[in-house]
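Heads up, there are several structures right after this.
What follows is subunit A paired twice: with subunit B in the first complex and subunit C in the second.
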Partner chain A sequence: MRRVLAIAGNTFRETIRDRVLAVIVLFALSMIVASLWLASISLGQQGRMMKDFGLVAVSLFGLIVAVFVAASLVHKEVEKRTVFVLFSKPVGRTQFIWGKFLGLAATMLAVMAGMGLFLFVVDWFVAGHPSGWLPVAVGLIYLQLLTIMAVTILFSTVASAILASVLGICVFVAGQLSHNVLSLTGLGHGAVLRGLSWVVFVLVPNLSAVDIKASVVGEGAPDWSQVGLWGGYLAAYIVAVLVLASVIFRRKEF
Partner chain B sequence: MTNVTDHGDRPVALKVAGLRKTVHSGFRRRSREILRGVDLEVREGDVFGLLGPNGAGKTTTVKVVLGLMRPTAGTVELNVEGLGEVGYMPENPYFYDYLTGREFLLFCARLFAIEAHERRRRVDGLLSDVGLEAAGGTQLRKYSKGMLQRIGIAQALVNDPKLVLLDEPMTGLDPLGRVEVKHIIEALRRRGKTVLFNSHILADVAELCSRIAIMDRGQVVWQGAVQDALADADGDLEAFFVRTVGK
Partner chain C sequence: MRRRASVVLLLLLCAAVIVAFQVTRSAKAGSPARVFVPAPKFFLDLSPSYRTSVADVYWLYAIQYYGQHVRGDQRFDSLPAMLDLITQLSPGFKQAYLFGAFALIDARRPDLSYALLERGFHNNPQDWRFPAYLGFFAYTYARGNHKDLVAAQWYAKAAAVPGRPAYVPRLAATLIAKGGQRAKAMILWAQIYATGDTYSEQKAVSALDQLLPAGKQARMQAVASLQGTMSPAQFNDLIAALFQGYR
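Up next is the complex of A and B:
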């Protein structure tokens, strides 16, 4: 565990100091500020627009950071041969994968907390009262992004950094549509189509199940038991994906 | 041909026997044999030079020894208790751009589960040993190639290893840097450490090594005491090397 934490701490330090990260976060904050203008031209819907647009910005820029950093994380170590230094020490491949994930998770926590807090304050300023839903929504976006990070790390153990990034984004998009795939199982009587739909539904993480943006903008309260259940499912999904990434990485030669 | 001369009754630190490695590359998975039965024996306290032309299999041999690659056949015996007693510096080392030299060494020390107080003491000592005390707080992306080489050697020594493997430790260093690295290797020898290093700089090998092995096309074609090699070629290791590899 000490080695996992050492690698995680090192990954956090290395990624948080990367200037590209600062630029992306700055862009995200600019988008949130821009949402003020968007809110001002939406008649009677200022608060709603502000929250909606702000959460999309947090989600989008968070996704950019999660996917591109996760894709390069393992790959860069192999390409630049820093893995030679690590694996010539008593460090296991599984410890490496988990350390990298936890380090990036800590970086993402800092990024999401920064963007979420900024959105919360700006929204408070516009609406005149704080929205308790906003931090919860940002927290659940963070859970979605952790899932995508794990998936991207898995892809990066078998593919190039660019391909891993593209696949990570694809899974994010597919994860938002996962519930639609499930509804396909109810259509028609084709056993193949039904089976295929279930396979896709099981393999693609159901990210939309923990999306409470609609509740944040005032469209009813979320079903917390469902959110909790699907949150647990995503946590299990992350563990399963990282175990698979470790198994693949253990077979690699450098 | 392997010429094993007597080198005392010191225990074996590293023994490689019949090591073979075949890699498959390209779309058609073409196979290529990189190591073709490497036999190597390094005794405790040796400063051992692994020589050979580019592509001879020196780095691959070291990678197999460290477990970075799996052998197709053959055995590796290390007389140490795991990788915790081994230090390794890869060729042309690259480290984490945004860490300072000190942070990097502390990180490496943490991987060996060294206690915090001892970590700081060792890192301070190593930074001083490799002449980087003043640059310890500078991020590694601002280091010159020679400085990276020196921090690479420092990280290989952070666990006070019994066996040190250095891949081309003199590459990219200016004359002063080379002298410093030679001093470090000599200091390791004085402390009874076993050092194995790859190098193309034969003058350094002649000066530092007690024993050498010459590899060519995936095999050890000669190994023995450096004195024997020098005696066989009128003190000219380069001539001996060319003659041995050219056979």
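Up next is the complex of A and C:
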């Protein structure tokens, strides 16, 4: 565990200093500020617009950071050959994968907390009262992004960094449409198509199940027991994906 | 030196062309009355997590569309589809129903306006403004001998919603009681003003301005009859709006 934490600490320091990360976060913050302008032309719907567009900005820019940094984490170490120095010490490949994930998770926590706090304050200023659900919504977006990070790290163990990034984004999109795949399982006439739809439904993480953006803008209260259950599902999904990534990485020859 | 000067010159020339093009385009470009609006099902299937965000984008679009055409050709061909999309993607978006109900009157579709408010009440049964608006729309825009009764029934429903203002139950009685149509219309417009919705307030002030007599004394007497239909603060604001330009 100490070794995992050491790798995580190094990964955190390495990624938090990344200039690309700073640029993306700055861009996200400017998008949140731009929502102020959109809110001003919304015929009295400033609070709603601010929350909705702000959460979309946090979600999409968080996705960009999560996917592109996660895809390059393992690759950079292999390409720069620093991984050989690391593995000459008593560090296992599984520990390496988990350390990298936890380090990036800490970076993402800092990024999401920063963006979430900024959105919370700006929304408070615009709406005139604080929204208690905004931090919860940002926290659940963070959980979605952790899932995508784990999946991207898995892809990066078998594919190039660019391909892993593209696949990570594809899984994010597919994760928003999980319920549609479930509908497909009922539509298929053939057993093969139905079976295939079920496989896709089970493999793709159901990200939309923990999305409460609609509730934040006043579309009724979320079912917290369901959100809690699906949160547990995503946590289990992350662990399963990282275990798979570790197994693949252990068999990988450099 | 000469090379740098020619680069700067080229840059300035390109900038001038871009600005000139944009300026002339914005002056000439008209907004078409009929625009493509996707079916709500498309977004409900494709982006369930972002459905309210899509509704917000179309909300901003619908406001721009309405604003451009209300001052221009008065054609709102795509407004019903836009409002349908917004309210289906975001059934709790109350402002969309309330704004849309008036905007559809401008589009000469009171039937759709009424249907939109009915859907709004169905989706937001805890909001007294929907039955109150329905009563108002039934009285103001419907035809037939029973419209007073229908409107009164809607106000009775509004009166049954918890949290409604104290004056709402009186409106049903006002409609059923005998009285001049102008007096009833004024009270109902005052009630629309009292809902607190910005766009509705503007509409109500404009309508009351036309209903009220022009003379200062007569106007003051007529406005005094509205005192019990809203809170004192709202009444003061209404007086300020109706007596603008009067000394």
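Simple rule for what comes next: the second predicted complex is superposed on the first by the 251 of 254 C-alpha atoms of A that agree within 3 Å, B and C clash if a C-alpha of one lies under 4 Å from a C-alpha of the other, contacts with A are read in each partner's own complex, and residues count from 1 in each chain.
One rule holds for everything that comes next: contacts are C-beta pairs under 8 Å (C-beta built on N, C-alpha and C of every residue); 3 or more make two chains touch, one makes a residue touch a chain.
What you see is a predicted model, and the numbers here were worked out from it, not measured in a lab.
Contacts of A:220 after superposition on the shared chain: subunit C is touched, whereas subunit B is not. In the superposition on chain A, contact is made by A:90 with subunit B only, not with subunit C.
Once chain A of one complex is fitted onto chain A of the other, the partner contacts of A:123 are absent, as it touches neither subunit B nor subunit C. By the touch criterion defined above, A:48 lies against subunit C but remains apart from subunit B after alignment on the C-alpha atoms of chain A.
Residue ranges of subunit A in contact with subunit B, taken from their complex: 2-3, 6-7, 9-10, 13-14, 17-18, 80-91, 253-254.
Interface residues of subunit A facing subunit C in the complex, by the touch rule stated above, are 38, 41-45, 48-49, 52-53, 55-56, 176-177, 179-180, 207-208, 211, 213-214, 217-220.
Remark: subunit C residues 45-53, 56, 59-60, 63, 90-93, 95, 99, 197-199 touch subunit A in the complex. Of all residues in subunit B, those touching subunit A in their complex are 63, 66-70, 82-84, 86-90, 92-99, 103, 107-108, 110-113, 152, 155, 159, 165.
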